[in-house]
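A, B, C, D and E label the chains in the order they appear, each numbered from 1.
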Amino acid sequence: MITSIWTWLTAPAQWSGAGGIPTRLWEHIWACLLVLVIAAAIAWPLGAWIAHAGRGRWLISVANAARAVPSLGLLFAVAMWMSGMFSGSTLAFTIPPTIVLVILAIPPLLAGAYAGVHEVDPAVRDAARGMGMTGGEVLRKVELPIALPLILSGLRSASLQVIATWTIAAVLSVGGLGRYLIDGLASADYAQMAGGAVLVAVLALLVDGMLALLQRLVVSPGLTGRRRRRARTGIPRATASRPTA
Amino acid sequence: MIRFEGVTKKYDDSIAVDHLDLEFPDGAITCLVGPSGCGKTTSLRMINRMIELTSGRVTIDGRDIRDQPAAKLRRGIGYVIQHAGLFPHRTVVDNVATVPLLNGWDKRKARARAHEVLELVGLPGNFASRYPAQLSGGQQQRVGVARALAADPPIMLMDEPFSAVDPVVREQLQDEFLKLQGELGKTIVFVTHDIDEAIKLGDQVAVMRVGGRLAQVAQPAALLADPADDFVADFVGRDRGYRALSFADTPSLPLASEPTIELGASVDQARAATSDRWLLVVQDGRPQGWVEPARLTGPIEADSLHRGGTVARVDGPLRASLDAALSSPARRGVLVDHEGRLVGTVRAHEVLTAIEQTDRPRSDDEASGGIRLGKERG
Amino acid sequence: GGGSNPMSSGSGGGGNSSAAAGTLKVGAADFPESQLLAAIYAGALNAKGVKASTGDPIGAREVYLKALNDGSVDVVPEYAYSLLTFYDKSATQKDAQSVATALKAKLPAKLQILNPAQAQDANSVAVTKETATKWNLKTIADLAKQSDKVIFGAPPEFQKREQGLPGLKSAYNLAPKTFRPLKGNALVQALKNGQVNAANIFTTDPSIKSDGFVVLEDPKHVFGSDNVVPLITKAKATPQVQQVLNSVQGKLTTDNLAEMVKQVVVDKKDAGQVATTFLKDNGLA
Amino acid sequence: MNYALNHFPEILQRAGQHAWLAGVPLVLGLLIAVPVGWLARRFPKASPWLVGGSGLLYTIPSLALFILMPLILGTRILDPLNVIVAMTIYTLALLVRTVVDGLSAVPRDTVAAATAMGYSPVRRFLAVDLPLAVPVIAAGLRVAAVSNVAIVSVASLLGIPNLGFFLTDGYQNYDNGEIWTGIVSCLILALVFDLLIQLAERLLTPWQRVVHG
Amino acid sequence: MIRFEGVTKKYDDSIAVDHLDLEFPDGAITCLVGPSGCGKTTSLRMINRMIELTSGRVTIDGRDIRDQPAAKLRRGIGYVIQHAGLFPHRTVVDNVATVPLLNGWDKRKARARAHEVLELVGLPGNFASRYPAQLSGGQQQRVGVARALAADPPIMLMDEPFSAVDPVVREQLQDEFLKLQGELGKTIVFVTHDIDEAIKLGDQVAVMRVGGRLAQVAQPAALLADPADDFVADFVGRDRGYRALSFADTPSLPLASEPTIELGASVDQARAATSDRWLLVVQDGRPQGWVEPARLTGPIEADSLHRGGTVARVDGPLRASLDAALSSPARRGVLVDHEGRLVGTVRAHEVLTAIEQTDRPRSDDEASGGIRLGKERG
């Protein structure tokens, strides 16, 4: 089996053309990127604002509850609902899954931004205010930088989720690596399916690794364990910010 | 001068501060003490408008604090809190440079200033690039103080700044803080629930009681000598008489000259030096301890010294002189000059007589009179 | 699974390997007609005292044949010509009888087919009336001339099948600009909404009538005549089972099949109910 | 709504199947995660590997895992075991970290006190560490439960019966009622799981109620 | 008797305890003090094998602690730590019953015993069914002590047990602890970094220095009177002479009788009562404060009292008597009996004379001699 996956992966036919791996990979990455950018643009300011202002906390609960929605169902529901909207355009195929994925990516991003800002030590916030920072300055110079680790771990969760769910979105006739799985499934081509599955897993791992690296680069060393004198006491990590697809 | 005029802070269900009238003289440390929940923090935070008062008025140099935007007011007031509240994501130097930067200084100047202030609080330059998590509790507190000092504000608010560190470090921080204040002469409001700390640091101590009311405001000595009521007396605690001696003006004590012997001297030399049971051992004129010549079996070594006696500065408070006399095995208290050189000895009875000659502070004089600035540090 | 496994109880667990021994598991492909036929087979068998159950639709031929192979299911409704071309890409037989004969020869040893029904359902290439008019289409060959404008919608497996893009390419040189993997109602909707302009639709699909799609002629017979035929593992094909299913086959016509599919797809009737009605009406239950 | 009313028995049956596919892995995952978590605490050097390694499993997309399962296990393609194993892997990916977090959150003093009182290591783990880790573990379990319920529906793409059938079938038939029946059933099932875990947590941690009450 | 013989604990990169030789006499409290990181906790935890020693030997009643399984050893040794380390998931009574249960007692008997011990530490029965989180810090500490006592172990190890509670509660706990030990007579090893606590509680105090070496071991009075070296002298701190008075045997002081006046008396009555500037005000024979008859403007009220003076027990330590005299505005220290009734007054000089008559402890006698058990509690 491993050999047939390998054969599939290394066949020259797989590496060119409209159904080739580079194209599919590019489609997948591009779609996920778009989704994440849109979702972050919505979720981050909202989460930070909720934590900062202490209002609208129910939104966090709603977003968390939304994690229980089966992504497959949402994909189908939205696709059907929008089926008549884009007559004659291929947008009809890309818009619904994009919307659904944005909806699915928001909870982890929102939770990350909220928890990050919310968990800033009140004494630190207090000190910042006490030295004469305005609300905006407190948010920009203190809360956000300190929240960064949790914001980024929310991003990691969201990106895993989006990558995984865009794979399933292939049932709606969109491009991306999910095509190999869905098409392979349809024609019982296990080498193709398994090859696709491997590609998606590798992509997910790579993206997660890159974000981990990013986290190392942009998060202040003062906030990470790396430059700590004493071991931090066991604060349970925000187990809540995890993907569900 | 910060002045509270009938300041009250009400919360929905309770009164945190109740008609507080209080003055915080310029260049002096005013300590707010009282049991937990008595409204110390609330009072402090009303000064920089972290908490807005419900009624009454707070003025700084006659100007109502509500006359300017809160953020602007705060930049002119240093604020130090219990756990320092350092920014974990910034290095020590960047923490300290925060207010200068907020005030629009350029980065270089702000950092230079930060280094300056760090030195002031006794943090060597190599700490500057560390992160707060890499510092001990005491070091963090120092950075907290440095950060508040960086913009050189005339007023500093300090909320139990030293309470999170262990007693030894705390004492050290207190001493440094007093020295620093001796140089800087800020107007300081210092909240603590430790009466010893208040007495040690305060030029003026305001004792609050639960319910946010003022129980007594007085100089530390007056507080020890004449607590206004049982609540204050209880709060001030035991050993008031002895502790009050820290504040008694130093009279000139009748000094006796003391025979001495150098460290390393032989048994015979020691026995020849005195007819008393105990003999004081010195080195370069500095007292080292006592020996009993009769019990010596060899030359006088550091190991064989009796070190029970404390040593007092001749210009220091009577408390130290009395303890020197009480602790000395020879019953003669050793007094030294500012360089630690022997000046003479004094007996406990003589110290007592001196104590009785000093005027006791009188409550009714003090309470109405002004605060004498520039605490004598014992 | 043990006794507490909820999937081992009830009739929905047809695809489940742990279904009670002796129960005949009727599988189905993932389109309504297949599920309807499965319901009819199972209903008829149960009515005659052979325990049978249906399961969830499994997928395309490539998948359910695997399931049949590993014993996950025992019998599936099949289409004779499609099945033949699955096993023999170069098959040339077109009429029902010779297809059946050829198929019997090509089937793996474990499997056998029962009697083909009169009912036919063929693959086809359909376009909307507007497209047909605009491009002046009659046959698939006409469409091939517009290849660079064709957005072709079909189930994913269509890309690789002989009765699919490969066949269309070799017979008509039809090479669509874009291929859209779509199936079921989504495909019909996409064709209707112009998101694809040609689609692979079954000839029994009610939308051909209701939405006025034009089925293009297939002079080169890429799509053969597809008579409905049960495919069964030999081990399970007892005489009684054969007899029951063959009697069902005798009653299935293209018309009544198309009508039943319409009831399910358009009228949204439950496939099980439609099957029961059919069996009753034809004295099979 | 109509669809749901007409198909009520089927919904119940599929919900049962769904609960089985999502619930069994939850239990299995927990049973495996606890000893793994214990190992990670016991051997701190191995901890990053155990926690990080199990966490990486979560990056494998569900559809991919379902498809790969028969190849790895040698099972039949419609075997629910594929789903059970895959879901157990996901549960494990979430719970190992949670168990470690939970065990780390047990106050050191409490552990030291227990050791000093003469507990043997295993007995201490069962009598002190584990009960005290329950709140954190339960929180992780709730996340895993909700996510399991959502993921299991993907298995319907492969023909494995569960509530996800309403989603695939509903889409095929373009039946909105059916799709929403599937979505809402999944949500309700997730809610039931959530409530059950909360209930279990409450029963296991009487001291917590008191603190907050 | 616990005995350390050349006990050393090495960590990879450092030595925590260095060749420690020390005896912990039966039925006595031995306090281990020293700066942070000097190896106190390490020493303590080597006794119940929470930490295994690197070299040397620890024996209990002559038996090497490594002769039995660690868990078994531990069940015979009570252990109390800083934050009590209670099991948050068990009720108070179940916390306390833990060791009896581990020892195989049946549940009922274990609980009965737990209730008994809870009473012993002063926790009323209605606390038994609470969870630790429902208790105050001081109450939690009591439960911690009760839990360690439950199996009635002959040895108790206590690691800074009172340091997490506030000073007032701490004092209370210390007093109760001493009372309890007076009844139980356990062999106790008590770690603290607070020298005052060590001096108050210890029958014997062992001072350790950083690096895990023993600096001095002595009775508290001897430690104050004669620290072995500068490190110990520094560590023991200021006011040694004064604090040592806590341990001086109480001689009989020459009491003077003091004119008094009842609270509520009129100005004239007050002026008639004395010719001195200050007059002592009593109520039911209990001293309330001082007044200056000359300054009185109305009947003597609680408000007009001068409360500066502390009050000392006539049978209490000299320290309190001296402070009473020093703090009194009249220069006469007020002494009372065990019920708080006035016995007489004493002047500071008289107290001093009494002090000089008491024998000073002598270092060389003490260090070589045995420990005198049964601390006199002042």
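Quick note on the criterion: contacts are C-beta pairs under 8 Å (C-beta built on N, C-alpha and C of every residue); 3 or more make two chains touch, one makes a residue touch a chain.
What you see is a predicted model; the values in this text were computed from it and never measured.
The fewest steps needed to get from subunit A to subunit E, moving only between touching chains, is 2.
Considering every other chain in turn, the ones in contact with both subunit A and subunit D prove to be C.
With every chain reduced to the mean of its CA atoms, the largest distance from subunit E is reached by C. Chain centres here are C-alpha means, and the one lying farthest from subunit B is C. When chain pairs are compared by contacting C-beta pairs, A-D ranks highest. Each chain gets a centre from the mean of its Cα atoms; for subunit C and subunit D, those two points are 38 Å apart.
Once the centre of each chain is set as its mean CA position, subunit B and subunit D turn out to be 58 Å apart. Centroid to centroid, with C-alpha atoms defining each point, subunit D and subunit E lie 53 Å apart.
Separation between the centroids of subunit C and subunit E, computed from CA atoms only, is 91 Å.
Residues of subunit A in contact with two or more other chains: 79, 83, 182, 185. Taken residue by residue, subunit C touches two or more other chains at 59, 63, 66, 186, 189, whereas all remaining positions touch fewer. Of all possible chain pairs, the ones that touch are A-B, A-C, A-D, B-E, C-D, D-E. Within the complex formed with subunit A, the residues of subunit D that make contact are 56, 58-65, 67-68, 71, 94, 97-98, 101-106, 136, 139-140, 143, 146-147, 149-151, 153-154, 156-158, 163-164, 166-168, 170-171, 174, 176, 179-180, 182-183, 186-187, 190-191. Contacts from subunit D toward subunit E in the complex involve residues 107, 109-120, 128, 131-132, 205-207, 210-211. Remark: subunit B residues 166-168, 194, 224-230, 232-233, 238-242, 244-245, 295, 302, 306-310, 319-320, 322-329, 331, 348-349, 352-353, 355-356, 360, 363 touch subunit E in the complex.
Of all residues in subunit D, only 6, 10, 13-14, 16-17, 19-20, 76-80, 156, 158-161, 165, 168-169, 171-175 touch subunit C in the complex they form. Considering their complex, residues 1, 5-7, 10, 12-13, 15-17, 30-32, 55-59, 63, 66-67, 70-73, 183-186, 189, 264-265, 268, 270 of subunit C touch subunit D.
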